[in-house]
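Residue numbering begins at 1 within each chain, and the chains themselves are lettered A, B, C and D in the order written.
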Amino acid sequence: MKEKYYNEMELMICAAARIFEDGVSVSVGTGVPCAAVMLSQKLYAPNILILFEAGGIAPLLPSMPISVGDKNTMYKALQTTSVSDAMEMNQRGLVDYCFLGGAQIDMYGNLNSTVIGSHDNPKVRFPGSGGANDFASSAWRTIIVSPHSSRRFTNNIDFITTPGYLNGPNSREKAGLPQGTGPYKIITNLAVMNFDNDEKRMALESVHPGVSVDDVVKNTGFELLIDEHIEQTEPPSEDELRILRNEVDPYRVVIGKKAQ
Amino acid sequence: MDAIGELLGYEDPDKMREFFRKKSKKLENKIMKLSDAVSEFVAESDYMAIGGFGLVRIPTAFLHEVIKQQRKVATCAFFTSNYDTDLVLINGIMKSVDMSYGIALEALGSPKVLRKYFENGGIKVTEWSNGALAWRYKAAAMGLSFLPIRSMLGTDTEKYSAAEEIICPFSGKKYLAVPALYPDIAVIHVHEADMYGNAHIKGVLVADVDIAKASKKVIITAERIVDTEYFRNNPQNTTIPFYLVDAVVEVPYGGYPAEMPYEYLFDIDYFKRFLQAAESEETFDKFIKENIYECKDFNEFISLNGGVERIKELRNLELGLKGSEL
Amino acid sequence: MDAIGELLGYEDPDKMREFFRKKSKKLENKIMKLSDAVSEFVAESDYMAIGGFGLVRIPTAFLHEVIKQQRKVATCAFFTSNYDTDLVLINGIMKSVDMSYGIALEALGSPKVLRKYFENGGIKVTEWSNGALAWRYKAAAMGLSFLPIRSMLGTDTEKYSAAEEIICPFSGKKYLAVPALYPDIAVIHVHEADMYGNAHIKGVLVADVDIAKASKKVIITAERIVDTEYFRNNPQNTTIPFYLVDAVVEVPYGGYPAEMPYEYLFDIDYFKRFLQAAESEETFDKFIKENIYECKDFNEFISLNGGVERIKELRNLELGLKGSEL
Amino acid sequence: MKEKYYNEMELMICAAARIFEDGVSVSVGTGVPCAAVMLSQKLYAPNILILFEAGGIAPLLPSMPISVGDKNTMYKALQTTSVSDAMEMNQRGLVDYCFLGGAQIDMYGNLNSTVIGSHDNPKVRFPGSGGANDFASSAWRTIIVSPHSSRRFTNNIDFITTPGYLNGPNSREKAGLPQGTGPYKIITNLAVMNFDNDEKRMALESVHPGVSVDDVVKNTGFELLIDEHIEQTEPPSEDELRILRNEVDPYRVVIGKKAQ
């Protein structure tokens, strides 16, 4: 039924777009994160401050960038600057949210985007951290966007590229990472998850329409914290879909892709 | 945590000071032909740094010439890098690299053939984040042998790096010290340069100012050469000052198929062909042969891919003219 | 060597992160009247930082208003500073200062009356070099609680500073760690700003970008307000981005009698009168009374010293017009 | 006799101007140093790279600056940048010479520009280090320009603002200062001095025309190293004086002052 009027990618983008309070700063890359902040800017958070690590600060994104430094990332920007400047803005505590993905995620929200297999003899070599480790280290809240499968959601993570809560409570602080930071929400094609405040472990927040709690459990390779009562993720509204399809991504660069 | 990665590109800061002391600070004509710049400046023992980011402001012409001349380098920073390090990999003699991001064209995908270089265990990787490599360049640029940072702590990225943990004497907090990175050679593509090497970059600067300061030899490729008065009349245009620069090469469209901000967009069709070809060794070798080895120069490469007509289209796309759309 | 100077303007970097987190990042109209900006933002407990260098790009209008309102600050960085810190001294409640350079108008001489504040032992000085203070701002600007530097080592400047010696884990070399400096308030005079606080500075930047990043509250005084499109159409013009800024005040000639590069030269005659007056308490009090307390606003101060006619002369001198000479 | 055709200030400027090889970089302030590099640029070292710590790089100095950041320091400059950028250029080893002065100088070339008397209760308070300590720490060669008197040239220096050779051989290196740096020459109204390579102590190099070695000794508050044969400082040439007076300092801003 839901397929009638939206797809999984659209749902994920809309769920992400609703997170932001007006006036927050968000570091984004290409794809879903960018679509989400563009939608948010148009509907919920007109003052959202968008930044790209290549140096584009507060552009009026006319359409989806393909490269993190391309013309869209500096279109009508309020500043064009450098990687270190953007990273130092983050290190100073000025980045409220960052958006990340990964090939593997464990229950503490640690991410792997480096290798499958051993580091020195990998089965699959991924691009590496990029700016992910930096943003996840110092941005106040990390949002993770990912397809949902037990292969990806696993505690047998081959390599921690990017810090979540590391080994649990206080381990970020012990490692030297800035206080009060860490993963905040995870949005997949099945559900929205967050992190338990005490245990710093992943907890189910809502399941998408048509998805059962059991579907999520089956597709998660570790034990999720699950409350007795789990809400349903609010489906995309008409407004959201209209703006997403007509203004944010008219060429279906992102929403035309499969979520998995 | 003790990091176990190999320390690459580091030197004693006093040794580097001696090196920088000897660099000429004269206003000399540094304009060279592309082929001469490659043959004179690229050495097999080199650590190479490349300017730009992702699909943007890549010194393509220079790197194609490196391949044509089969010049190899010992190592390289895979930093915010896509097509650029892909090209460096083609020569394939690197045994160790510093890597924060590589072998992927961001949203477009990853060249399978080149990924194999890593998956076959032929290249040893020291891991970093983009911030860490930017700060390694910055440490060198500041005349320091290290900078404290707050990234990478507690992760395997730290473990497979060559960083060291230190304590701030004021706050008592733990920091990660990243070592200065001094490339032997840096190649940076810019919008305008004068004959002395003063260079202007428009749009995002990525890490190019720090790379220019950190590197022993700096090659500037420029869309166009301008008179020095261009800089003297507006000295804030000088993104990279002449005294850092060893050679200046004028290469119009020298960034193609990457984007040159405010001038021409990246050629997404080219990159799709590139990725397609990279699905197998055979198709990839053919693609590189056609696009690089068999092109007598960079102009011929551009002609092969649509020539100035294609550049005009990319220019219209870059400037958002004529309702043209990506 | 153990440094014995008082540590001023330092805070825990995580505490500062919490503070910066709460700063508004909204595009809000921040334009204020000069008098309101002073009364709202300057507090007695403040550590104040001032932009500009020597006789150049000093936020004079703001500082005159601080005196008029008899607003005092607890401490201040005497960094590349001349007339600016002289003005702050006039209010005279500072017990401790960070000092790399002060109480002298460079080649013109030193205001005797103000030197007495130090010679009477009334002010405790923590010593730094210009580089050290620039790097203290930069540490804060980079989100670090310290930066390693290679200055000050082995001298009494180190001894009377609040720096700490550390060892580089890579080179084994000794460095001096300087603590981050987080001023409570910074005042920076710029050429152009928009209503949100985006600001453009022409010519030498001194340390103003880092000061803006390091400070808790940032006041921009601007020669003129421009439309935001000015920045959106050339984002490299944004020397200081809006999200760092708390208030914007439009004050034409707001740097007078200091120089505003490309706009008007410093008024050497004024500074000579100032130094002359500073020979005795009596003449100095009279001078300050006439030039500050009794002027109903900054315009009246300019009028008193030659008005727009004088500014025109200084403009011709700055631009080298009509064979005018210093 | 000498007063007939040049004064002490002119002699000092000319002596300084002859030091620079073509193509070296020199950090200067206002006054004598600036006149010296301008003269040198016009006569001996057309490629001299002049920098001002406020951020003016390679200006075509049209006339004497009065402030280290004023319009002359950026006139037709090849770059305008920041204090930290200039200081980092120096820290990187890119500044060959710097020019300094001081209220007191000891036999190791340490300089005081902070206080006379005790630090916390000074008899005289001077402006402080400014950029002097930074430049003297990292520039390869420091040139000191000073009036010559036994009050200034003293080993009872009240405060070491700026490092010379500190306590003698190896003490710069032990303190952590960059290798191979230190004071190079001292130019006064009486003589030119340099530093003994082994002892790092001040040595007499030449006396100005009309000045005896004894004059220098009497006006120096510590023992100078003095070779048996001391040269006479080359007096200003006609060329030097013509250019100095007509082009470098036509308004006699510097050469019209007294050297003492």
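Note that a contact is a pair of C-beta atoms (placed from the backbone, for glycine too) under 8 Å apart; a residue touches a chain by one contact, two chains touch by 3 or more.
Note that this is a predicted model, so its numbers are computed, not measured.
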Other chains in touch with both chain B and chain C: A, D
Chains in simultaneous contact with chain A and chain B: C
Most distant chain from chain D, judged by the mean position of its C-alpha atoms: A
For chain C paired with chain D, centre-to-centre distance based on mean C-alpha positions, whole Å: 28
Mean-CA-position distance for chain D and chain A (Å): 58
Mean-CA-position distance for chain D and chain B (Å): 41
For chain B, residues contacting two or more additional chains: 13-14, 143-144, 149-150, 173, 175, 202-203, 235-236
Junction residues of chain D, two or more chains touched: 74, 80, 84, 90-91, 138, 178
Contact graph of the chains (line, ring, star, complete, other): other
Touching chain combinations (by label order): A-B, A-C, B-C, B-D, C-D
Of chain D, residues touching chain C in the complex: 29-31, 52-56, 62-63, 66-71, 73-74, 80-84, 87, 90-91, 110, 114, 119-134, 137-138, 159-163, 166, 171-172, 174-178, 251
Chain D-facing residues of chain C, complex: 52-57, 78, 80, 82, 99-104, 106-108, 110, 115, 118-119, 121, 124-125, 127-132, 134-135, 138, 149-157, 160, 165, 173-176, 202-210, 259, 261-262, 265-266, 268, 318, 320, 325-326
Contact set on chain B toward chain D in their complex: 13-14, 16-21, 23-27, 140-144, 198, 213, 228, 231-233, 235-236, 238, 241-243
Sites on chain D touched by chain B in the complex: 22-25, 47, 49, 57-58, 60, 74, 76-80, 84, 88-94, 96, 138, 140, 178-180
Touching residues (chain side chain B, partner chain C) in the complex: 7, 10, 12-14, 143-150, 164, 166, 168-171, 173, 175, 177, 179-180, 202-203, 235-236
